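Right, I'll just put the structure down here and ask away after.
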Amino acid sequence: MLINQRTRSRAAAGAAIALSLACVLTSCAAPGSAPGGTEQTEAAPGFLAVADEALTGTGALTVQLDYDTSEADGLDPQTAQTDTSWMIMGLVYETLVTTDENFEIQPKLATSWEQPDDTTYVFTIDTTATFSNGRALTVDDVVGSLERQVASMSVWSGQMGPVESIEATGDDQVTVKLGSPYAPFLAALANTPAAILPMEEVNDGSVDLTTTMLGTGPYLVADHRQDESWTFTANPDWHGGDNLAVQTLELQIVDQESTRQAALREGSTGMAKFVNIDSLSQLGGNEGLQIVKQTQSDLYYVLVNSQKPDSPLNDQDVRFAINTAIDRQAIADIVFAGETTPTGITPSNLPGACRVDELPSEQAAIEDARATIEETGAGDVELDLIVDTSNPVMAQIAQLVQQQLAEIGVTVRIEQVDTAIYIERVFSAQPGDFDLSISWFAGYSDPSMVTKWWNPEQAFFNVGFTGVHEDLNALIAEGASETDPDARAEVLTELCASADEYAEMVPLVHRPSIIGFDTTAVSPTIQSNEGYGNILRNIADYRIAG
Amino acid sequence: MTANAPAAPVVSLTGFSAEYRTRLGVTRALDGIDLDVARGELLAIVGESGSGKSTVSQAIGRMLPRVCHVTSGSVHVLGRDIASLAPDAIRALRRESLGFIPQDPIASLNPTMRIRRQLELALRPLGRPTDLESLTELLASVKILEPDRVLRLYPHEVSGGMAQRIAIALTMAREPEILIADEPTASLDAQVRDEILTLIVDLVQRSGASLIWISHDLGAVRRWCDRIVVMHQGRIVEEGPAAQVLDEPRADYTRTLVAAIPGRQDPTTKEAE
Amino acid sequence: MTTYSLPLSKRKRAVKTRPPRDALFIAAACALGLIVLVAVAAAVIPFAGDPARIVGPRLSPPSAAYPFGTDALGRSVLARLLEGTRTTLVLSTLAVVCTAVISVILGLVAGYAGGWAREVIMRLSDVLYSFPSIVLAILIAAVVGPGQAAVLSSIVLVTVPLMTRMVSAAAMSVAKRDFVTTAKISGVSAPVILFRHLLPNVSGTIAVQGTYALSVGILVEGGLSFLGYGVQPPRSSLGLLIQEGGSYMLQAPWLLFAPAAVLVVAILSINLIGDTMRDRLDPRETRSLV
Amino acid sequence: MMQILRWSAGRVMSALITLLGVSVLIFVAIRLMPGSYEDIILGPLASAEERQLLAEAYGLDQPIFVQYFAWIGQVLTGELGTSYVTQSSVSGEMLERIPVTATLTIMAMAVTLLAGVPLGIWTGVRSGAKQGGAVGRVVSSIGISVPEFVLGSIVIFVFSQFSLGLKVGGFASIGTGFWPTFQALLLPALVLSVFCVAATARTTRDAVMGVLVEPHITAAVARGETAGHIVRHHVLRNAGIPILTLLGTITAYLLGGAVIIETLFNLPGLGSFMVTGLGRRDFAVVQATVLFAAAVFVVLSLVLDLITSALDPRVAVTGKAGS
Amino acid sequence: MMSASHPDTDTAPVLELREVSVAFTSGAGAKRRTVRAMNAVTLEVAPGETLGLVGESGSGKTTTASVALGLKRPDSGEVLLLGEPFTRSRRANAGKLQAVLQHPHWSLNPRRKVGESVREPLTVARRDLSRSEQRQRVTEMLEQVGLNPAFAERYPHELSGGQRQRVSVARALVTEPRFIVFDEAVSALDVAVQMQILALIRELQAEHRFGALFISHDLGAVERVADRVAVLFRGDLVETASTEEFFRNPQHPYSQTLLEAL
């Protein structure tokens, strides 16, 4: 029964529904956004928004996030795996160095550092910094923390590279020696897992890192109700100054996207993080609200399980044909309304990353891919494509990939499962109990850091569905140790091409991060690019409005 | 047709017809009934079930079920056409002038409430005293032996005869001018039947009210009523003084009815097989 | 042998008049009929095109090209709505049929046998009935594996307890009737009594409870899809469409209101038909005090 | 009085059996669910040894019936175990969440009683009159046909887009004083009560229509009593039983089943706690919350049975309602 | 009382109750009352004879009926049908005994044609007869009870109370049982219709020679159909006499009050 334009509006008059329809007709909403997305002007080079210095008031800020931190080791930052955990713990703990809007390394707890040779780093520690229990930071804390991280055999210890020795070479100086040159070392130090812990209290057992956080950072934990809310208060004797505008920071966990949008619209929250790309246009119209799209180095990728016994995907040509059939730009335009961009293995927004259009799969022809599928008879086996229900975007990408693969004769059945089943079938099961899947992971802030995940011996999580390729592993190692930027760019391009041909983990597009804030409540500083998914990175500079 | 009693009749149906319209179809209940009831008269309406006698009793109080539709004629009670009465007028008529005695006494009481509470609720709107002493006296007036025990009981804890006495007490307390009893003893045991009938007739005669008694028990009707109306398939087939209708029945249908009275009437002679 | 020719009161041959026209029942039956007809027709001749194929720009409003507009992936909402309606109706109807079969067997046995058999059946149905329904549905969906089987088994397990209790109560009252006692005396075996005597006389209850179970079924399917355990993409169901539509309410209200309207009309007509069937099957006298 | 005790002793026994059944069902069902707790908490990067270690830590590797009896033993002593995810005691978490769900339930019940029952009586008493029937049936049918997630989504959108006083995201203020909590829960309670009001109206209407045709009402009408008097004193008491039974079911649905509203309005209630626990295969949480919800339902049904028998004396004697 | 059972099958009693007692406990605790429905009741029914059983409601009549039909096992005493005690399965006695119960409205399955209801006992007791032979028996029976055989195609709601009770009688006789229980079989009918059914029962008994236990609270009906009368008062069998003797001068005071009430 066709409901044409005229009768629909007349029929729904009067009801609450009409209110929203009226709003649609009076241009509240941008009509269907054409591909290419909305352009976005930067407040300042590298920044989407800069706090207004003139505002001097202090007060509270509420920020709504989509999920809480729930790590195996509770609140211990060193083994934390998700970006939300890094962000929340990053409010209390501080790292030696940090990255700025151009991913350059800036000082933090280490006021300065030198590099006598390409395997030695000498840091000067800011001993004026104190832990929130009043104890001053010492070199022993720094040495102890870094040694504990390296020894933890956790995800991040791999990222720290080949560390040989960490010594205190003076009462405010620490020297670190590496086994071989490792370019992303400083970038690795810039993330929360490498934060400096109160080792004295840890060693004497007075602090249990899994349940309490004791750091040198700007905020202290006032209250935490799992999956509900966090409340932080400003650390009065923070070494970075005690003039924090945001005196109390409340993080609310709200998993329904529409509810977060509603809360921002009605002003019951000052700031909120969104995943659905349409939040940009849905909230755009409301005055008093500003919605920005931060480019993350995180990326969505397709998992192609080459390890499942007698599966057509054991054959690399079939995998490459599938890789060719996947159209990254179409995914960016359709699922993300052009608000994000395709990427290779090295996140395209990081300096020195490989160019997407140079990837072999982008240049290969669809007809060859179809021919390969016909030859190998891979088309007559139905492959399953499993996705996690926690994020609706995955299902949308899956449906698009399904149609793209159908073009070359590969039939795919989509299966939506909850997170526990997903992790068991994709990561725990050896070999992986699936054919194809879609997932995402953090891109970090140095291009070669993420390439480690393509070597199962270092990544562990993909042992179930990725093969070990000596030539690729060699390129990964070389990419990490090559310090000269141009030489490294070449190595990375070769690395991208090789991984693209093996086609076991096929990167798609960047994972957009939408941040909305109420300009009548807060004036934040937000970087245009972010490596570790930390939207509150510049919380110290925020100003309270009104 | 009987000669018209000198005073105006308390109840008169003229050319009254009604039919039941249900999903199964339309069945005619009454077919042109002309009936007058004089003041103080004891009238019996007899006939088989389905002959329409109950419909007549319901019509008098305008209590016809919704599926029953009046197709012609009128019912006048105390000179007023009840069809034209406004809801609260008909309610006033039922409260002050009409009295009904139910066929199933126990079912006519609210099962979830003790007898005393029900009496209070029924009598209070009429402004009658509802203290314990006057209630016990009311029950004693209908020959209930231990009234104070009975007041505390629930309806399902009372015998049929006892429940009917309570119903009668309730009805007579309102001193109705017209009392309608639709098979008052049908669901009672044999020996209790007579006591109830004598009670009803005694109270009616003392109050001077007219009684309309619906029954299929010709033996009992013969003993108490002045006039008998015989109904068959929605029509009055015979009418007249009790003795004349039962001893020399004119309509053949009445004859078969009388023949069907079981031997009880005269215990000594056993009907020849 | 003399037959008695006494002129008994002959029942007037009831004049067969049409059942009283119930406007609500007619409207509900037409609405439901239309929905089912259109959904089924779309399967035979996909006049609205392939629901999974991307046909135009995403989130474009209803227009001549796309009668119901397009969804977040640019697919025709009309096509997905038709497929969704069909999936939801087929799943719920299938589930209710299973529920009816199970509940009738359990209900009849519980109603007729009484004693320990009745106690066991009643306790089992109590266990399922007191279990929070949404958790029960998710548990089954996870154990059975997401998809249509999960939706089907969830609806059955959520609706069986209530229907069993209703059928058992009805069966118990019929079992007390004389014709059942006479059948017992004639030596008729228990299963025959159940299905020859009890079943036809509780069919009224079954039909009425069936319609209510159907509307509960649709709600459960919607709830499951809303929480992500229901129908698997790219297939669609009304619950899934509404869940997707929910987050685009400002930008693309048609995404939510089209499936929501169909869902509400479907459930509304099923309930109204259920009411009328109950009044039709065991007609009750009614009185209005006003 | 003794007689009532003996009769309800039987009911208490069957209630306990039902609860036992629920505990076995939930215990076995979550262990049948694919995807284990270790996967969730250890995440993708855990090695097999870590998983084994964790399983032993919570005794998940023992045979199932050993685990069951250990758990039931604990529950009987009031110890509901600790949540694997937050390491905090389940009973502590539940105590924080029960007030939210309880308040939501009470508010929704209040609206149901204030609107549903009177609407049911009004349409029931007028069921004869032409318009009474049609309007009553359509309104209550619509109420039942609108799923919460449809109504919830619309309400959230409308109330946030056009500030009509009530806040959607105000959940944080729960527990900070009566008035903010009341305001935060008013909207979700209203959405929840739409279904309950409609269901109650329908059942009340049926019950009232059923009572109206009973002989004792005919007798009352014959006595010329006014409609108000008859409804107040006679109809309500007799129609009470089916209404109470439905109210019991609705309260149980509100306590356990209102998950979708809690998810939509982001309320930290028992329902969402149950479902997130399920998603995380947090056995202790799921087992405790499901058992609690079932216990509430069973106790509620018991209480309602007692009230029903008090209302209708015939039940107490014959053990089954006289109707 | 009657002597031990007669060896000769022709005059051997069809039904024998020896010292049968049945008690019900209702309510509980303080209100716990045990009602003695039957105390040591002994009675017999000879073939071709109708024993009338009278008593007020609550006198144990209905319990006696269910014991006689094998529906209820007595607490003590013996129940013999054609000399045999009742066995666990009812199939064994199929066809030998039948009943006509009180409510005409519920005596027939409303959803089955009248003919099928009458034929049902045959499907169990007379498997040897083919379906058409069984139908033929049904037609004969309907004629015998004074109904037009075309009624077989009708549904119960199309029949009057009297007609329905005639169908019940037809169903009871179709397998030519040796013993039939009439439990308040006519009390729900009009006086005129009652007369016809009672006459019909007398007539069919003369022809088929079945033993009958006619239970009623209505002495008038018992007088017209019973050869002997037994009076039950609160579970005790207070008097048994021939009908003629009983109605002329009842011995037991309770019997006398019953007769006075007529």
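Each chain carries a letter (A, B, C, D and E) given by its place in the written order, and its residues are counted from 1.
Rule of thumb we're sticking to: a residue touches a chain if its C-beta (ideal position, glycine included) is under 8 Å from a C-beta of that chain, and two chains touch if they have at least 3 such contacts.
These figures come from a predicted structure and were not determined experimentally.
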item: Labels of chains that are neighbours to subunit A and to subunit B; value: C, D
item: Least hop count linking subunit C to subunit D through chains in contact; value: 1
item: Contact-richer chain pair [C-E vs B-C]; value: C-E
item: Computed distance of Cα centres, subunit C from subunit A, in Å; value: 46
item: Centroid spacing, where centroids are CA-atom means, of subunit A and subunit E in whole angstrom; value: 88
item: Subunit D and subunit E: spacing of chain centres that average the CA atoms, whole Å; value: 52
item: Multi-chain contact residues (two or more partners), subunit B; value: 24, 48, 66, 256
item: Set of subunit D residues in contact with two or more other chains; value: 33-35, 128, 153-154, 157, 161, 221, 263, 317
item: Junction residues of subunit E - those touching two or more other chains; value: 192
item: Touching residues on subunit C, where the partner in the complex is subunit E; value: 1, 3-4, 6, 8-9, 11, 177-179, 181-189, 196-197, 200-201, 203
item: Contacting residues of subunit B [partner subunit D, same complex]; value: 61, 63, 66, 88, 90-96, 98, 100, 102, 104, 107-113, 121-122, 125, 154, 156, 167, 170, 174
item: Residues on subunit A engaged by subunit D in the complex (per definition of touch); value: 16-17, 19-20, 23, 62, 64, 70-72, 74, 81, 154-155, 210-211, 225-229, 250, 252, 254-256, 258-263, 265-266, 268-269, 417-428, 460-461
item: Interfacial residue positions of subunit C with respect to subunit B in the complex; value: 6, 9, 11-12, 14-17, 19-20, 280, 283, 285-288
item: In the complex, subunit D residues that touch subunit C; value: 14, 17-19, 21-22, 25-26, 29-30, 32-35, 125-129, 132, 134, 137-138, 141-142, 144-150, 153-154, 157, 161, 209-210, 212-213, 217, 221, 227, 230-231, 252-253, 256-257, 259-260, 263, 271, 274-275, 278, 286, 290, 293-294, 297-298, 301
